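Common to both upcoming complexes is chain A, partnered first by chain B, then by chain C.
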Partner chain A sequence: MFSNGDEIFKISRLTIVWLAGIFTIVWMVCWALGIALPMLLTQQLGDKAALTNEILRAATPVIAILVFIPINAMFMVLIERRALALWTVRKGPNRVGPDGNFQTAADAVKLLLKEDITPTGADAVMHTFAPILFFAPSVFGAVPLLAAVTNNHPLFRVLNLPTGIFFVLAAGALPVVALVMAGWASNNKYSLVGGLRSAAQAISYEIPLVLSLITVCLMAGTLDLVKITEQQAGGILNWNLLGGGALTGLNNALAGGGAKALATSYFMGPISYVCAGLLVISLIISFWLYLTGACAEINRIPFDLPEAESELVSGYNTEYSGMKFAIFFLAEFTNLFIVSSITTVMFLGGGDNPIPPYILNNIPGIPQMVAAIRDSYFCSTLHIINPETFFATLWVIAKVYGLVIFAVLIRGTLPRFRIDQLMAFGWKRLIPLSLIVFIIVVFAREFVICHG
Partner chain B sequence: MANLISRAFGGLNEVRRGLATVFKHTFREPITKNYPDEMPDLAPHFRGRLALTVNPETGDHLCISCKQCERVCPDKCIEITSHKSPETNKLELIDFKIDHGLCMFCGLCTEVCPTLCIINTNDFEMADYSRESLIYDLKKLTLSQDESAFYFDRKEMPLPKPKPAKPAPAAAGAAPAAVAAKPAAVPSVAAPGADAKPETEAPEAKAPADSKTVEVKKPEVKAEVKEESKPEAKPEAKAETKTDEPKADEPKADEPKA
Partner chain C sequence: MATEIQEIDLKTDEMIINMGPQHPATHGVLRLLLTLDGETVKHVEPVLGHLHRAQEWQGQNRTWFQYQALIDRVDYLSGMFTSWAMARSCEQIDGTVVPPRAEYLRVMVSEMNRITSHLLWLGTYLIDLGAMFGFPFYPFREREKLFDLFEEIAGQRMMFNYIRIGGVLRDPKPEWFDKLKRFLDEFPDRIDEYETIVTQNPIFLKRTKGVGILTQAVAKDYGVTGPCIRSSGIPLDLRRTKPYSVYPELKFDVITFDKEGDTWDRYMARILEMRQSIEIIRQCIDKLPSGDIMGKKQMAGMRIKAGEGFAAVESPRGILGCYVISGGGEKALRFRWRNPSFCNLSVLHELLKGCPLSDIMAIFGSIDVILPDVDR
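Moving on, here comes the complex of A and B:
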């Protein structure tokens, strides 16, 4: 079909097999700890098992995250290298294992076995704490996201916070401290410059990032991640990316409400239509602002100034090796994953199917299939698959990894910013733009009935 | 303001074009070659390792010790030792040394060579562990009959006239038959004869042959030479497989001569 069909086939097979593997493993761990073991204990011990069950339920999500992060980072590094190779017209890793698919596993083993060096004159305590402080927020920052990305699965429901997105943003702002710490403690001028650059960059880009998310929260009327996802259910027209509910009236009209639904949603006539259009444009700009800010926040190309290899010899992690470097590496990719998850939840409707239900339910076979899965032994007795959350989670996985691949595509395309361009772009372009978008949304949402 | 907006859209459009271009690369064949697994397809006149050819038909060494290559070499990396034979009054080659660590592969020596003896082969895998082992002597430089035939064919060089043909008119004039036999015999015993033997047997056979010669001069280097001779032998084997020269033919061609 294509001249490069072989490589494309390899990379898609790798993605599907690895993702299926990762999520099966993680889900089996969750299921064993959170569902199967409590069920067994209740059968055997009766009421005495209540306390143990509570502890198990609380521990399950954390263990799930801890199992998930390393495997996922390994997969993401591999897929990034392969995709970059595909887009720069070369071959990716092809030495270790079949088609080089064990490359990252070998890298991980190498990194773990490597000598851990603390340079002379470095502050040993800070040098050790920096990677931990860098990694920790990506673990506990991911926790409130779990309920949202699994469509409020009962196992993860306890973790949901009423101020979810606020918590996630707070956690996401912490790694900057770790980077400055790492740079300062390394006793290396390159590292120090890298750390300071990262501080400057993170402070500048935090503002448009947060403002773009505030715009979404304003449309949604809540900070609760689960509520934000639930509002967006019902097809692509309901997503926050497309107006944050400004098109809900259109969606309802298409679903069968007719002109009446249009009239209730857009009660001001032409003004409402104009405002709905403005909202759609604002939210799309908001989406791009968020992607840009997030790229800068997690130090990815084109904003990888803190670790610019050609300028700063890898910046803040110049002096790190072995386990500590592995943790930095792990956290970087986990951050990318978390940022993609936030984008999915806030803008892309979380686990929502882009095809609206009034089309989907009319396709022959699909409702029957869902019903068959619901009645199967796995669902009704063993609770391995929860049909309410299963398809939602699949959609989340597809969207999140789609965004990850998009980040890789951006990495393959755009060159790095210069530091003054970076600052000018952040302060003189993105922040005013996000403020303008915010103000437009504040006024325009009064003339349209939307989520909030 | 309008300028700013148009610039913003222009910039976004550039980014979109860039992303589209990069994405289109998905459907392109990678340009990477699997080099150690697959040999690159080199041009016939690729300037690789220097080597001395023999007459592909008779096996006579083609060097006439004219020292033109030594004179033209900008790096002075060629060193020829020869003496005037008292019987024939002609120059006889004793040793031919090229320091490949100095050579810059300009190919001037191959251009001046009147007998097409010194050539650039297509072999470029010459990495070694010491500078001394980059100095190739006559035995290391001289190609076997088959290799010479291959390079004469590949570089489309005119085949040299057989050497006995030259003394033949001379013999018809005045010189006795012994003179005619001498030039043919001396090089074949001195260089290609010694070289052909290890070529007939696999690289293992070459190791003892090398070490024997070195043993006389400095026995302490013996073990080192043994090790070195193997990687040196490998590229040749590789070069042969890559160039589709049937390796099985080599012993057959050399056996009747030996």
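Moving on, here comes the complex of A and C:
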């Protein structure tokens, strides 16, 4: 029988190497620009450096994103191809460099060197502008997420918005315009059909997507991504995935509050318990709705109709080559990453440890380890590692890339919908379901004290 | 047919799309001229001939021995059947008696070839449905194992040239049968595995159930054969209706469905046929007589007596017929092939009328057309 233990080992090794590389590079850039350079300037110039430092601090997160996106997309393409190969009894790219590590780098170079073709009869301006418009939202849409995924690190706090999730969703709605533009400007019938399909699909699936996030915001009482993350701190029972704080009372009781904590949170007795159960079920459905809607929003299988290969050749990007195609490709994978990050922040507690602190702190060795890291030279003097941010980032990485791998697994399993079935599924199933969930949450949350 | 395009009343909202011959999903080089109203197909016209290789003409300009090797390439997924059809028609003229061991071996390798052909169809059909990177590679795993077995007996993995006029090329070693038995033991589990992933997959059911319904009347009108017509409820299987070789001695079921066949039925028919093929091969291994495997001397200057003959076999795609006229020389006077893919393809425009753009590939894929077999 086919044995793939060796392949799994290779893929894990590749993942660890890449992730360590990516986040070391990105963090070193951030530290050098946002912490080390301002410190140095202040030492040398004193007060005169204040303005420069402000500019540097503001520029750091943006530069970090711009550094992060291309390397991350390269890694995601590689891991997608390798993981798919594992699940489909193939080998995947394993020739360029050790373990095939440089495959996507080689692909990127190839795409950059390829001829950039604008087809005859195409609208050249629109044709060029479409990939840029497709890519831009994924850069500035990611900005408010930064503070949330790094446990409100001082370096990224400046970019946090009080209406963070609203901004992210608004940015996520923009690429549709770019896809229609690309389809229209290509002077190709397949592209046109692909672009129009993507418009129809994105408009339909945005409704359940937003409604599912609204239920979360309703439970949290805020649109601020950092606040939503902070509320979920304290173990898996506090996460929005499990009731959006409906189980906080249970969590407090287990933490040592006992029956008193239960009575405080579930003040109406049995009715409160039933409502808490309803909230848990509703929020799990919301989570599923969000994943489905997001899959459709970023055109992944089984909702990849805009670029359905067996029907539309390649949909809206049929006529794109070289650099322009590379930007489309880059943005698609960045969108997948952003969607996973939103899921992590909104449902999976951001950088929160799934094991609650009352269990974790009783495990011998863990508190000592945390204290040792906190007192080390790197943390206390150079501020290279902030222990809270460090562990939070590790959890965020695990959760986000876990969701990415889940999306890859879905891609490796399901066939594609037909366009009318896709529309029917969106309008007749998902939207009513999300409305029902919304209404249940509106009423049920009145009977439970959520989030402490 | 070309004039028909002129007759179409072109409204402003209709769009003519040229699908193929360089389209990624047209299974090679079929060109479909689609008239679309939005995403609904109004009219479709297949344009053939991009892969025309004059196979029949080559039959008249090659010796029998050369043409035997060439004819595998007509339907490259089921070379055993084209060889077999040609061998049978020539034996009919020549009056060659094929030894029973050779007949059994022919049935065995042909049924193995039927399995490989259906496996490839299964993989590519799921690609047509958009399961781009997932499931399609599982059938290829088993297909490789069968190809290894073919390689041992024929020296080739796809263009076997194993069934020759008068018998078969080589007698397999005893170990070969052990390998084959081992494969047959594990293969039903593999089919179960495919079925677990595919058969009841809700998206797959949505895409295939009730799509591309082929009624019995239409199927008869257009001369559709093979799994396509059997899934529409007509038990037309040459292995039963007009038995040849040793099929009368073997037990197997002809897969039919009671109702009008949709694409899901055509999928299911092929899955069940693979299971039947396993049974046939098992029986062949048990009943295999000993003895000679070749009834005619194989040489470059081989001659066939003067006369004409026709023989048909049940290939994975339908009835494959070979009509040949021999003048008694080293070459044939005339070859004529009845290719199942060509006849099955002719029903396409009936099935596609009024269906959405996405269903074109779901329906076209379910007919299981091999383009070299269409164009010859």
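Assume the second predicted complex is superposed on the first by the 449 of 452 C-alpha atoms of A that agree within 3 Å, B and C clash if a C-alpha of one lies under 4 Å from a C-alpha of the other, contacts with A are read in each partner's own complex, and residues count from 1 in each chain.
Criterion: contacts are C-beta pairs under 8 Å (C-beta built on N, C-alpha and C of every residue); 3 or more make two chains touch, one makes a residue touch a chain.
The structure presented is a predicted model; accordingly, all values stated were derived computationally and were not measured.
When both complexes are superposed on chain A, chain B and chain C clash. Applying the stated contact rule after C-alpha superposition, one finds that A:A259 touches neither chain B nor chain C.
Judged by the touch definition given at the top, the superposed model places A:I363 against neither chain B nor chain C.
In the overlay built on the shared chain, the residue A:N4 is in contact with chain B alone; chain C does not reach it. Once the two complexes are overlaid on the shared chain, A:V193 sits against chain C while remaining clear of chain B.
Measured by the number of chain A residues touched, the leading partner among chain B and chain C is C.
Looking at the shared chain after the overlay, A:L51 reaches neither chain B nor chain C. When the two complexes are overlaid on their common chain A, residue A:V313 makes contact with chain C while staying clear of chain B. Of the two partner chains placed by superposition, chain B and chain C are both touched by A:L414. Looking at the shared chain after the overlay, A:T88 reaches both chain B and chain C. Of the stretches 3-11, 21-29, 39-47 or 57-65 listed for chain C, only 57-65 runs into chain B once the two complexes are overlaid on chain A.
Common to the chain B and chain C contact sets on chain A are residues 2, 87-90, 412-414.
Of all residues in chain C, only 15, 17, 23-25, 39, 126-138, 140-141, 197, 201, 203-204, 206-207, 356-361 touch chain A in the complex they form.
Considering their complex, residues 8, 15, 18-19, 21-23, 25-32, 34 of chain B touch chain A. Across the interface of their complex, chain C is touched by residues 2, 84, 87-90, 189-190, 193, 301-302, 304-305, 308-313, 411-421 of chain A. In the complex of the two chains, the chain A residues touching chain B come out as 2-4, 7-8, 85-91, 94, 409-410, 412-414, 429.
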